[in-house]
Amino acid sequence: MAVTPYETIRERTRARDRSLTEKVMSFEEAAALVKDGDHVALGGCTLSRTPIAAIWALIRAGRKDLVLSRSITSNEGDLAYVSGLSSHIMTSWFAQGIVWGLSKVMRAYTESGRAEFEEWSHMAMGLRYRAGAMGVPFMPARSMMGSNVLDRVAGTKEMDCPFTGERLLLLPALNPDVALIHVQRCDAYGNAQIDGLQFMDIDIAMAANRVIITTERIVSNDQIRRAPDQTKIPFFTVDAVVEAPYGSAPHECYGVYEPFFNELDAYAKITATEGEEGVRKYLDRCFYEPEDWAGYLSHIGVADILDAAKRGRRVYDD
Amino acid sequence: MTTDLATPPADTKPYTKSQLLTISASRVLEDGQIVFAGIGITLLAATLAQRTHAPGLTILFEGGVIGPFIQPGELPPSTNEQRCTRRANMLVPITDVLLLLQRGYVDIGFMGGAQIDRYGNLNSSYIGDPDMPKTRLPGTGGGNDIASLAEIIVATKHEKRRFVEKVDFVTSPGFIDGGDSRARCGLPYGGVKKVVTDLALLGFDPDTKLMRIDALQPGVTAEEVQDNTGFDLVIPDDVPIAEAPTATELAILENLDPERLYTH
Amino acid sequence: MTTDLATPPADTKPYTKSQLLTISASRVLEDGQIVFAGIGITLLAATLAQRTHAPGLTILFEGGVIGPFIQPGELPPSTNEQRCTRRANMLVPITDVLLLLQRGYVDIGFMGGAQIDRYGNLNSSYIGDPDMPKTRLPGTGGGNDIASLAEIIVATKHEKRRFVEKVDFVTSPGFIDGGDSRARCGLPYGGVKKVVTDLALLGFDPDTKLMRIDALQPGVTAEEVQDNTGFDLVIPDDVPIAEAPTATELAILENLDPERLYTH
Amino acid sequence: MAVTPYETIRERTRARDRSLTEKVMSFEEAAALVKDGDHVALGGCTLSRTPIAAIWALIRAGRKDLVLSRSITSNEGDLAYVSGLSSHIMTSWFAQGIVWGLSKVMRAYTESGRAEFEEWSHMAMGLRYRAGAMGVPFMPARSMMGSNVLDRVAGTKEMDCPFTGERLLLLPALNPDVALIHVQRCDAYGNAQIDGLQFMDIDIAMAANRVIITTERIVSNDQIRRAPDQTKIPFFTVDAVVEAPYGSAPHECYGVYEPFFNELDAYAKITATEGEEGVRKYLDRCFYEPEDWAGYLSHIGVADILDAAKRGRRVYDD
């Protein structure tokens, strides 16, 4: 993924509608903002604030051949491979989560060469997004050197610091075509507020050329303006606002719900016993067949939703 | 939950291999240090250290958590979800918590890996030829950054298939090819401080950076350690025996992990 | 508060030079733009634009404020104190609000300066030889960054001592030495979009980048503008006359600044 | 100010006590952490969250020849020049504030060559601190080029980007010896929470080798842990916590008090009419003679304190 020339970054940004206008739209309308082949960055990390609802919409819309990037990839990576959404994921770690162990699906796809898992260090992913967010072509860093992780990726440069003579790695900026970010609340203009763990979301939003926000709740602009410290993504970077309650399920959303462990255990069992064929059935049942997002959540079930929400609110109990 | 017990000396309680590992790792930590912990054993080790000899030790999680408070019986299942933020002092973006490593604020990182070699290099990416791997593993996460920028403690079961002559892939650099090769690669700080296993505590020769037995776990012989290692260890003439887990350490640990989720 | 009135055409209300400047500057702004405003006239101009032809325009302050809401009669006295955060959408560190310029999110910055030259370079640092200055001025603040990375509008009174052949010091780059010298210096974007004064609206020749009269304020002649300028302006054969402030614009402005703190 | 070698940064940081220990101390004890000649970075900006109380303590302690750096410098710069605290200030803008115009004192000192005002662009100051905070020797940027501001500063480099060929400016990292930062609340360990405008304070704290926090209130660690999102500076970067109510007076502290305009007008009048001699008298009266910080505040007076506090709280009224 080569560094985007500054001219391209400026021209693309200039061409965007950055005005204070309402951008609330449906899952389907938001999915139409993503083109086959786009580089799409996913917010959140592992099982937390994963933009599941947006991924659900993209898979349903039949998007293909995306390059996906994320800090750490959980089972949404399996779903992307099996659905054809992506066969190239750039990330620092890829498995459903530590407690479930290796992803059999990721193994099947990458070991057979059907899909790529492009591995960068966690901080390198973060600094690449940050460079993109800052409008510079690279970020100097002191990690990854001496490892085979560095050997296997393209596009970095090593240099001797012109100030100190120290050996530095220059990490190439990432400016994703699209960022998908799930947040606790957002207004109709796209002012997005994130509570708790922020992961790499701010840098991803600032680096990307289009941003799709899914949000637990759409709130008034007045509510946003009452707590401007909590706004983490400014409206003018945002192109779509989609209300998606429980939009990270079965993953968690800080302060709103914890992971849906029953669902995650069931998914892990599917992949362990049936591999990609199991994932295909899961996609049919939960992604393609439901009429709408409520239909997706129905598969999880009300009892588990209540339980996850109860656990989610506990961060404010101390 | 398990009967996999190491042989305890007569004057202590019985303990499991996981308890031994955890307690040994906790003893390597020092008061006042700032420590990147993972989940499970490494988090238990850091918390145990806080409650014994290192009350001023600070835990970091790579999800962006500074100074969380670990509640007995409620160990977080990951380093990136809200359970690991419990009563934290501060939450920051991932990139910023990792940059603490680069800035030099972090003393110790806890690491694991599928393979470790004689220079302490760790592999968590590929088993076999990376171009045609036998197994594609989950990858580095923050491991490469932690190993590049801070001293690390590796806590792992001691198995021959894990302790290999040369890792198939260097995910997280140890001392690379030994000698001063690590610094020459652009990594002047950090390195492997200690490899803690259920059989031994291992360090590295200061010059060659070859792995060396520093101490044996109680009831273990140097020969046994060598037999479970896929390369020749440096074995000094006099290898001390590590102190067995104390009743106090075991009691704290049982309090922290009463269901023995991680110390079975 | 003042009787310093420009000559108004018969069918409009009377207006002051400051009102004229503010209204002229507001008209250069377009709907949907993101604008770095200062205090006083430039903030009034941006707010006036929001309330006339540019309802979707966004204001930024260099103190780290995104989309504040300006309350009539309560204009903030600076861009770095809490009054300028009134009902803001978002507050960010200074460095991050300035990085929006570098990332390309900002359309327009408002600028002033003690001196401006024929290529639109601005000086707010030194009068005289910088090594032995007659006057040490306050300096760039965010001016250099704004002028380097976004298009700028300069709003200023038209005085000969201010419009100089060559600024004593380039604090905020305009078109440097003209032609493509700006891009050659590493500044491929931005430049001076318009210089708005109480006498004229000035642009720059697209090739030479020499300052040019684009329009005359009502009742002003090209000769008068040239007489108040310390270098030869490009004067096209047909110079249009700018529309005088409308009653609507003046009314909104008086509502925004009822005590005429900035539009006396 | 040359780039600090990485070895020095690491060794200094390693040598610091970064443990969770209480660091509450007196003004005098905190002042003793600063040595003559140190590079001291000041938090806040212009008239906002200026660490006036810490500067007051340093001037009373007779510190000399500091290099001061700040985003934008207000009248604390005059006080530093006249008291001898510093004759070298690195900043992007230097005057009491826009409404009061040029600083006669700054002019007198800099035009006569008695003191230096080293001018960098606002963003350049910020990126230099940020590079220091990140542990890298420089930050690439696209500003300052082509200007005389660049010509007059030492230590930058221009380069052609090895990825894109674009012209870039490399800004040298700043790692101040000491950072002085005033915050709304902080616990005894140094976990500092900042509300509203953050300015460059986080980067300054992370870049510096020692951090002195003055705080409106010292709060319990429990209170900090109830709102970890609001903690902006972690305890392990902090070496001293000093409780200093109204510690930015006559400047403002977001949400607590607005500027003390009577006092600022009076100060402006002193400098306009009496120049540096006026500042000397002001220093005698308000800095050297008072027995303690309450004595300093007594010069401002209770009525003005009540008024500024009433205006300060208004940000939460909307």
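Going in written order, the chains are labelled A, B, C and D, and every chain counts its residues from 1.
Note that a contact is a pair of C-beta atoms (placed from the backbone, for glycine too) under 8 Å apart; a residue touches a chain by one contact, two chains touch by 3 or more.
Molecules present, by chain and UniProt name: B, C = 3-oxoadipate--succinyl-CoA transferase subunit B.
Please read all numbers here as calculations on a predicted model, not as lab measurements.
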Any chain in contact with chain B as well as chain D: A
Contact-richer chain pair (by C-beta pairs counted) among A-C and C-D: C-D
Most distant chain from chain C by Cα centroid: B
Whole-Å gap between the CA centroids of chain A and chain C: 41
Centroid spacing, where centroids are CA-atom means, of chain A and chain B in whole angstrom: 30
Separation of mean Cα positions, chain D and chain A [Å, integer]: 38
Junction residues of chain C, two or more chains touched: 85, 87, 91, 99, 102
Sites on chain D at which at least two other chains make contact: 6, 135-136, 141-142, 166, 168, 196, 225, 228-229, 318
Chain contact topology (line, ring, star, complete or other): other
Interchain contacts (touch definition) - all pairs: A-B, A-C, A-D, B-D, C-D
Chain D residues touching chain B - in the complex, by the definition given at the top: 6-7, 9-10, 13-14, 17-21, 133-136, 189, 191, 206, 221, 224-225, 228-229, 231-232, 234-237
Chain A - residues contacting chain B, complex: 45-48, 71-72, 91-95, 97-99, 102-103, 106-107, 110-111, 117, 119-124, 126-127, 129-130, 141-149, 152, 158, 166-169, 196-203, 252, 254-255, 258-259, 312, 315, 318
Residue numbers on chain C that touch chain D, as the complex places them: 39-40, 62-65, 77-78, 80-83, 85-87, 91-95, 98-99, 101-102, 125, 130, 132-145, 148-149, 169-173, 176, 181-182, 185-187
Complex interface listing, chain D residues touching chain A: 2-3, 5-6, 135-142, 155, 157, 159, 161-164, 166, 168, 170, 172-173, 195-196, 225-226, 228-230, 318
Chain A contact footprint on chain C (complex, rising order): 31-34, 55-58, 66-67, 69, 85, 87-91, 99, 102-105, 107, 188-189
